[in-house]
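Both complexes shown next keep chain A, but they swap its partner, so chain B is in the first and chain C is in the second.
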Partner chain A sequence: MDRNKTYPWYFASGALLLFFILCFIPSVIGVFYSFTDWNSFSDKVSFVGFDNFKTIFIGDKSYLTFIGNTVYFTVFTTALKTILGLIFALLFTRGIKLANFHRMVIFSPQVLSYLIVGLVFKGMLHPSTGFLNIFLDKIGLDFLSNDWLGSIKYAFPAVMAVDTWKGVGYGMVIFIAGIQGIPESYYEAASLDGAGFMQKTLKITLPLLMPTLIMTTVLNVTYGLRVFDIIYVLTNGGPGYATDVMNTAVFKEFSRGNYAVGTALSTLLAVFTMAISYFILKALNKKEEY
Partner chain B sequence: MDPTALPSFSYKEKVYGISFAGYKVYWYYYNKKIFKDLGLKAPTTYQEFKDVCAKINATGVTPVYEGMQNGWHQVLPLFETGGNYLESDPKIYDKLNSNEVNIKDVKGIKTVLTQLKEFQTLGYFGKDFMSNTVEGGKKAFADGKAAIVLDEFGWEQNLAKDFPATKDNVGVFIQPWGDNKELGINPASNAYFANAKSENKDEAVKFFRYLVKKEVLQKRLDGDPNSLQICWPEIKAKYPQSYTDYIATLKKATVVQVGVKYIDPQWMDVGKDIAAMYSGAMTPDDVMNSISKRRDDQAKLQKDPNWVK
Partner chain C sequence: MKTNKVIMQVVQNVIAWMVSLTVLIPLVVIFISSFKTEAESYTLTLGLPKKWMFENYSVVVERGKLLGSFFNSFTYASISTLIIVVLSTLAAFVLARNKNKRNKIIYYFLVLGIAMPVNYISLMKVLQFTHLINTRIGIILIYAAFALPISVFISYGFIDTIPRELDEAAIIDGCTPSSLYFKIVFPLLKPIIATLFVLNFMSTWNDFTMAIYFLNESSKWPMTLAVYNFFGQYSTQWNLVCADIVLTCIPVLIVFILGQKYIVSGMTSGSVKE
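After this line comes the complex of A and B, so read on.
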């Protein structure tokens, strides 16, 4: 790396300052508020110690359910988006016809807003007038029809499927960039040694794609832990509380004026997200030498 | 002004504001033709309601349209039938507000929850009610796919605008949950207040007195096509004579969410509880406990002296 051509530190200072003032300091202040009784009904704010955290972990079992749902959502969508994103990336970098067109099709949901996606899928997944059930009925698979968003059994899988559909393209483009960075000579050498597609993928592509895998996993995990929009639009945490997650709980607490508990939940989420990201980076960080 | 509207802007029985909007009422609209073909009469008790729905259900038509997706509609039977709870104990609202009685001990509310669950189990809300929207009720009614819809004053008139064929085919009856026989009135709406410390408080009072002149009240109602009535009895409502005749036979009572504290702010949460009850994740007792806990939490948060000694 030619150090003479790297940008000096003060080029990033403006962005860092904005981040510090608008994101970091409010987050730290939020941590302090989570130890108070801050609410919309009184100007007075008093220190209450760990009462808010006791409410979350001991006082009301529903908060633990929301935490469980958040982890469940994160694990499944991260796994699906990573695996499917990788499969699509491998497919669309192997000289397939109209590769760019296919990449565009898979990536295009990413540019839609969650509100639009949610409203469209709400209509498509309606049990009697929705496209999916009508299609299944027309091709003789009506026994597969379900009340996708209204059933306690299928609501969460349906929400995760919609979220995966929307987000898989993002991982795919990152993987494509990673794959295209692997020197072709490695694959040629492997071919000369008689290696097949699977061997090349497992012995060359995946190890050299590790930095990219780390990055997409961290991005998907942090997104999954902070999910709100898609759930709010599709089910608002329903049916009942079946698809409620931490951020829908935070939203509810703030709506009720219970700012302290909402902030405590957010603080937990922030700490959890930072811890998980750190461990994922440590666990997956293997340097591959060219 | 209609005396049922006064509590919304009164404190300790002193009136502090003035309002004009008509009270809201949620009652059932039914398809007269379906009822006539099946020889049915508008039900006045829960058992009659069940029997009517059983006969409609047998024809393949959804007896009662329910739209759960909006999150609030399913709560209406629980709190719009407040008059029924007041019949059992005329001071129940005061007792709930003073924390003398816990809401989970109000038997009438549990009865309604149990009846709602029974209706859902019997399939009287149809099979897609968990995914339906309130707005879809008009089309379902007009297409003859649902025989009864719970909605507010003005729904029939809006239905006729969108589906002219439904004109003269709509009847009404009050919600018979828990054998309720009273019309639930929600008088809460926008109100005018004047600042007592203002320099212009006398002018404000003059302005209010102008607004309540009969000709001005009449102009207010005539000028709003979406309003069927205002909360001033001397101004004749625009709704049909059949409504007037029916309402005249009914006792009226303020709905729970206006008369009892810490109910309205948790309306959507109660909606989620009822959805959880329908999906089997909660029982009616769980819902009652949940409502009670949220009331307690809200009261303590606001340092209500009846909760925080």
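After this line comes the complex of A and C, so read on.
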């Protein structure tokens, strides 16, 4: 059987063409436009070298804040989602009552739109009319109530908490599937040798979950770096620049017509994301050889 | 020892309930508030409405022009999902079956897109150039294009598990490549097609970013953008905003409940070693 005849490569051409035109080309010309003064005010586009990158790294301090915030957001939400997801997965594979119900509930925000989740929490976290502050008031903890989304101190933690609320179920479900794939006999053998729950978790469950952990970490990191919707809806980057990340900055440049600076930021983000994904895959793959 | 075990059990159950309630309460508050009067919904609480205002829903549909947006979202989600299913399984089929050097390069090129962030501004340039900006067909193609990498990845892994002997038998019996694909392979792909359908329908329905960048006529807006705009106009009338939120969530919740097992299998494919 001639494979090239039986499986003609042009079957892939539709996917390839669509991907090439709408995903690959924009990324490539984006790199090109990063070195120009492209904007919405004039039709002329001229080459300006590294000026846009100079603006981002040296000229205006706020851009460095956006980059820092993006990294901060990515690190914290990835850590929170992974750790909490693991804890929940361990909890729900230990014969708890109604485990399936709990799993479904915790997973359910995953299917909602980030926009919807953002609106829900804009209501819940409102300083005077939101559920959280009213609830804290009622149980006598009113000293804890805050302008969650409006204060420089709490806005970013609040946004990250909402993002974790939405995303934690994803990792949990994947970890549960991974844990259930580990043969029971491993644990029985460990029990015979006198291993406790902690030892079993550290010596059996975690190492065997490594491939799953790698995948979810990469997905959480690439999500975190390109986060936009949830922040746009909850705070739109405010107060001040407290919660501005790279993609909210790109949208602001887009709205103002500063296309070149926007594409330069996007290009930086793409380079970061590809590099970081590569290194995570590489670093974590090494540890997999147990 | 025995009491210790019982205490552990109780603690575990209490933690589980606390987590579940943290997820449930915001959703329940929104649902209840969608039936309240404007005054009652001014503060968001778990209290039941004194009078159930079912008419909030008809008011929202009318004022938010939701019928049009619902139709838009439905069109975008179903057509782009259809394109994704056909293109990604076709591509995955030949790339997984014939792993020569060229096909491997094509595969990695496509899959690279999973981690690649979108460059929205230069994408706008491409859309202007191809006259796809601010058009329905344009946004459908965008959704399809950006969902291709992960869809090809999922289909590729699945096609690898289908025995190749089937193809050989079919070819000996005189199948052409396209009849081999459509008559023999495609029917076997049902589970993965269900997964692709559910995941992509939900993500397109839920999208907000592409719409806010590339659709500037309100008649073309999907539900998410219509809700956001509605919130901007009626941000103090939480009863209406809540009803709008509930209406936007219903279709994805239905797809979620019907397609639950496909969602999990899609998410875990590739990330869990069998």
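In the analysis below, the second predicted complex is superposed on the first by the 268 of 290 C-alpha atoms of A that agree within 3 Å, B and C clash if a C-alpha of one lies under 4 Å from a C-alpha of the other, contacts with A are read in each partner's own complex, and residues count from 1 in each chain.
FYI, contacts are C-beta pairs under 8 Å (C-beta built on N, C-alpha and C of every residue); 3 or more make two chains touch, one makes a residue touch a chain.
On a predicted model such as this, the values are computed, not experimentally measured, just so you know.
Look at A:Pro183: by the touch rule set out above, it reaches neither chain B nor chain C.
When the two structures are aligned on the shared chain, A:Pro207 is found in touch with neither chain B nor chain C. Of the two partner chains, chain C is the only one touched by A:Phe228; chain B is not.
When the two structures are aligned on the shared chain, A:Ile152 is found in touch with chain B, with no touch to chain C.
When the shared chain is aligned, chain B and chain C each come close enough to touch A:His126.
Between chain B and chain C, more residues of chain A are touched by C. In the superposition on chain A, contact is made by A:Gly238 with chain B only, not with chain C.
Of the two partner chains, neither chain B nor chain C is touched by A:Gly68. Across the two superposed structures, the residue set of chain A contacted by chain B and also by chain C is 126.
Of all the residues in chain A, the ones that touch chain C in their complex are 1, 3-9, 11-12, 14-16, 18-19, 21-27, 29-30, 33, 88, 91-92, 94, 96-99, 101-102, 104-106, 108-109, 111-116, 119-121, 123-124, 126, 129-131, 134, 165, 169-170, 173-174, 177-178, 181, 211-212, 215-216, 218-219, 222, 225-226, 228-229, 233, 247, 250-251, 253-254, 259, 262-263, 266-267, 269-270, 273-274, 277.
The touching residues of chain B, when paired with chain A in their complex, are 68-69, 71, 127-131, 265-266, 269, 272-273, 275-282, 293, 297-298, 301-303. On chain A, the positions that touch chain B within their shared complex are 37, 39, 41-42, 60, 122, 125-128, 147-152, 236-242, 252, 256-258.
Of all residues in chain C, those touching chain A in their complex are 12-13, 15-17, 19-20, 22-27, 29-30, 33, 42-46, 83, 86-88, 90-91, 93-95, 97-98, 100, 102-103, 106, 109-110, 113-126, 130, 141-142, 144-146, 148-149, 152, 167-168, 171, 177, 180-181, 202, 205-209, 212-213, 224, 227-228, 231, 238, 241-242, 245, 248-249, 252-253, 255-256, 260, 263-264, 267-268, 270-274.
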